[in-house]
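Mind having a look at this structure? Questions to follow.
When the chains are written out, they are named A, B, C and D in that same order, and each has its own residue count from 1.
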Amino acid sequence: MKPILEVKKVSKLFGGLPAVNNVSFDLAENEILGLIGPNGAGKTTLFNLISGYHEISKGDILYRGHKISGFLPEQVCSQGIVRTFQVVKPFGEMTVEENVMVGAFCRTADPNRARVKAQETINFVGLDKYAAMQARNLTIADRKRLEFARALATEPKILMLDEVMAGLRPNEVDDSLELIRKVRASGITIIIVEHIMRAIMTICERILVLDHGELIAEGTPQEVTSNKKVIEAYLGKEESADV
Amino acid sequence: MEIWMQILVNGILTGGIFALISIGLTLIFGVMNIINFAHGEFLMISMYLVYWMNVKMGMDPYVAIIFIIPIMFVVGLVVYKATLNPIIERSELFTILMTVALMILLQNLALMLWNADIRSINIDYAASAIGTENIRFGITKIASFAIAIGTAIGLMIILSRTWIGKSIKATSQNRTAAKLMGVDTIRTYTIAFALGIATVGIAGAALAPIFSIYPTVGTQFGTASFVVVVLGGLGNVPGAIIGGLIIGLIDSISGFLLPVGFKEAIYLGVFLLVLLLKPNGLFGQGAAGGGR
Amino acid sequence: MSYIKSIINNKAKLFLTLIAAVAIMAMLVPASAGNAFIQNMIIMMLLWAGLASAWNIIGGYAGQLSLGHAGFFGIGAYTVVLLAVKLEVSPWLGLIAAVFLAVVAAVIIGWPCFRLQGPFFALATVAVGEVLRILAINFSDLTYGTNGISVKMEFGLGFMLFREKWAYGIMAIAFLALVLYAVKKLEKSRLGYYLVAIREDQDAARSLGVKASRAKLTAYMISAAFTAIGGVIYAQYILYIDPDSVFASALSMQMVLMTIVGGMGTLWGPVLGAVLMVPLDQFIRAYFGGSVHGLHMVIYAVILILVILVIPRGIGPTLSDWVKKYDKKAESEGDRI
Amino acid sequence: MKFRRGKLISLLLLICFAVVSVAGCGGAATEKEPVTTGEVGDTLRLGAIYPLTGPLAKLGQEEQKGAQIAADLRNDAGGINGNKIEWIFADAPTPEAGVSEAERLITVEKVPVIMGSYSSGVAYAASAVAEKNKVIYWENSGVADNITQRGFKYLFRFGITGTSLGETTIKMLRDVIAPELGKDPKDYKIGVIWEDSSFGTSVGQGAIGLAKELGYNVVFTESYSAKTTDLSSLVMKLKQNDIDILIPTSYVADGLLLFKQMQELNFVPEAVIMGGNATQDLKAAMGEKINGLAHSDITQPRTNEAMAPGLEAFMKEYKERYGSEPYSGHVIRAYAGANVLFDVLEKAGSTDADKIAEAARSLDLPLGSTAAGWGVKFAPEGDPMMGTNERAEAYGCIWYKDEIFTVWPVEGQLEDVEVLVPWPAR
């Protein structure tokens, strides 16, 4: 089965410093892929490269076989790849419903159909109580859920979630995991960046580990946690020596 | 051939004037992202002050600089505290409109207090020049050129050596980060603005012998100084000197080759080109570009 | 109270007739007394409300601080007058040509400038406005330069030139109604949501598929078109245009000031701003203009500074906030209004 | 954006604001009854529009003084047919303000006549409003020719046109400067430069027109912006064309900048004849170096009383009130123009526009019959320049012993003025 997304030897240099260095991987259709690594490993930068937010220094990205490296963010989104931001970016003056409508407008120009789509998505993520509230008045957790809903409203094929569950209470994390499973069930492929190991381990079928911009490990959750290099990357040299 | 030499000399000396006017602006615009439309009006105030000192106390304009710096520093402090400080947190639209309101206010206050007479300081060396038969250097222009260099050096020393200078630089790069490091950004902004206005005061003193003084004289210098600041790069004081020289040369050369009426249009055209091609200015590190 | 609310909220058409009613009523009261000064003020008020609303499309909704809108105003005025004087073209055709030229200019100016952010976009538009003014002064064989041009005194609908004031009143009302109707339609359209999204956070908007530069450019073209229409009406009303009066940067600032005072990014903000500031400006000038020179402008500037300081988001939204607070208090006490 | 309640509230607010502003200004500006000159002892209210703020404020205010002195002196001498004259001044720095103030003066203050306006743009816009409302517009100082080329019935321009100012610079060269330097005017290389407003343009074109007509050698012409910060490149072009006679038309500030940069760059023409703006500020800035600078301008304070009757009385009154010499000729023109207007109103005996217009057109005063030295003969109806005073001509004058003296035409000469040229080197 041809991979839905192919990342081929992608690098990104910020003033000569490689934030992402020669990373390659494939994403299978309808898979949930985890992306982990210590802070500053290049996870968000990789998201920025795939979503066209930053230009790629070297390498290519293929979506269903055709090149999308060099596409503008809006073009990448209309192709079907959408991302959420680690630092949430709500449209403060607009209500929650209007925020989600902006996403829905990606697929329809008609305001009424967009409003219906928005209401559906809001109910799906459980923000219906706040539909008429202005986004700037939401709590952090609800803003994350709004980010999630907005991305969903664009009816993506690939959904890239950047620490959507950071700062949530355990029961909220479980709700999010449930949501992600439902989203995957509807045929959407998902890449998740998270630091909450419990969440990553339970939801992801495959995990990539990034460290200093390089891919140091790939595999099922169990394989990855026992991998020496991964432990070193997280816990540092001597600690791992005596395990 | 000598005509071209003179044109270059004119360009450099006029460049000195543009640079001198723009140093204050590059500090205010560079550090605080405030487009100060009343920049020309502060220049006008300082020119009037120098005029009264010359008329009432017979003080030479260049000597008056010593008194102008503290006076204009205080003027900058008061104006900033009264009008700009309360709204500094809001979007730059409000600060721009506040400076437009200040422009209207200062122009008409000057008209009310000192009426509309067109005054000038007639010190004997005002129009004299040195140099050969065909290549002349105006005394007042050389003086303003030297003052521009001196002011730039002085400002750079303040910015790099003194504590307040470092906090101004830090705040201009990243206000929130500076706040985290314990920099009192409100005080820093106030001093940066006052310092900028004091620099404009020096420019006013240096220009008083060259130009006539009347309530709306400030409008002449408005647009040109923005062009210089963006050309030299935001907050980049040496950049303002070089930007000033470039605009001075363009002014002199294009004025000679084309009808003089188009001069301003040409360096505004250059300004647009620079903004689009090298958004961070020729040397500066301002963030004019919009990314992708 | 709730009965009136239900009518007003759902009927866009009713809202349109309301503006017309307000303006006509304002016109008729003085018309009977033949007081041309008041009529002139009302016409300028309506014209400025239209211009401020036009600016609001790009400045208020899309948050793109264009400070060179006098350029489009001037293009509108010069196109209609030059076509009439040089080619005997009727002002109504001139109007269409003016709108077309303004839209073309908006594309030429907008496309490069929209790659700039914040103060640099504002400065670029100021520079463009100045360049247009200088060109109008120096290409005197085309534009008659600073001698200016006077509109030929041929009265009649065909020449869009009237003896009676109320005819201009109708034109000004039609202009304002047209702009407000377009803004209301825009608010509810995809472009409207996209513009506000761009204003709030352009990066987030683009990641959701919003073609930011295309949306901003479209808004800029619409705004330029309406500003040019305003320029045409000004030319046909004042009957004389010259570079310094129609390309003046003070015009651009005036449009921005009114929108800020009234309330940016709201439908009613610019209208409120115009209704307050045009009479204010003309009254202070009438009372203080002749005596102490410059006093009236000082008063105008001081009022402006106070408004900017005291009212953060413009009078419209601030008032509606007070009303909401009053409502919440009323609801909590149980006596719903 | 769905604060429905907010929308409703601001909607109601708009309605009450509109009503308040209408009622408010309706009350504040109650119309006053028009006064015909018939009833003795009443006050005759006349409108006057000048730029009293903004860049043109200085000379706008000077003309205001001239109008006020004329009214006061006339009131001391019994007013018009027993009516006291009262000026209602209006500030109009821009054409748009000119229109709204003209509307106010006509409909609220109900003035039968409006005198104006120093700035050609304001004159243009305001006179159109007056014409539409059948009110006399009495223009003293707007020089742009096209003001009186629109066939307006109720518009009269007492003062000179820009063309006449321009032509007199050439007549000065032919009759005064060239004979003094002992050269044939045709041998000179003439440079004509002007600041690019309608004032500068009409004077510059006037000078070029007459010079070409007389076959003089105009080698360089260019306009510049009065708001420019540097004119050295223009001076370099003058030097390159080695201009002998320079005819600049500038306001005071840019004129000073030009003269300073001419000295700095060592450009010394044979003579400089400036179009208009012979003012005290210019003298204050240049000190004794100004002697020898020639002007073509409106009537100057030092003009022979024979040619400008009533000038001395005016000078005395001005000195008493303001303790100094008149700033420039502008105040004299306003004073003379106002007096002629009062005579016309007296002759018409009513505030009806047609009667006043008819009285104005009937005037046929020879040269040397007004304080400005001009005569009064308005171009009749149907004439392309309808409403222009055909007996108004600019005078040639020159700075001599730190004062400005009229030297052309000869009848205006006060005493034997020594024409000092070449100018700036001295």
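Brief remarks on what is shown
One rule holds for everything that comes next: a residue touches a chain if its C-beta (ideal position, glycine included) is under 8 Å from a C-beta of that chain, and two chains touch if they have at least 3 such contacts.
Quantities reported herein were computed from a predicted structural model and do not represent experimental measurements.
Chains joined by the most contact pairs: C-D.
Farthest from chain D, judged by the mean position of CA atoms in each chain, is A. If you average the CA atoms of chain C and of chain D, the two centres end up 35 Å from each other.
The distance from the centre of chain A to the centre of chain B, each centre being the mean of the chain's C-alpha atoms, comes to 48 Å. Distance between chain A and chain C, defined via averaged C-alpha coordinates, is recorded as 43 Å. In chain A, the residues that touch at least two other chains are 53, 72-73, 93-94, 98. Multi-chain contact residues, meaning those touching two or more other chains, occur in chain C at positions 134, 137-138, 196, 293-294, 297. Contacts with at least two other chains are made by residues 1, 53, 57, 61, 196, 223, 225 of chain D. The touching residues of chain A, when paired with chain C in their complex, are 51, 53, 72-74, 77-78, 82-83, 85, 89-94, 98, 101-103, 105-106, 109-111, 114, 150-151, 153-154.
Within the complex, the chain D residues that touch chain B are 53-55, 57-58, 61, 196, 222-225, 227-234, 236-237, 239-240, 252-253, 256-257, 259-261, 263-266, 279, 281, 284-287. If you check the complex, the residues on chain C that touch chain D are 4-5, 8-9, 15, 18, 22-23, 25-26, 29-30, 33-42, 44-45, 134, 137-138, 140, 145-148, 150, 153, 163, 187, 196, 234, 238-240, 242, 244-245, 248, 263, 266-268, 271-272, 275-276, 279, 282-283, 285-286, 289-290, 293-294, 296-297, 316-317, 319-321, 323-324, 327.
If you check the complex, the residues on chain C that touch chain A are 188-190, 193-194, 196-197, 199-201, 203-212, 265.
Across the interface of their complex, chain D is touched by residues 3, 6-7, 10, 14, 17-18, 108, 111, 115-120, 122, 126-129, 133-134, 136, 138, 141, 210-212, 214-217, 219-221, 224, 251-256, 259-261, 263-264 of chain B.
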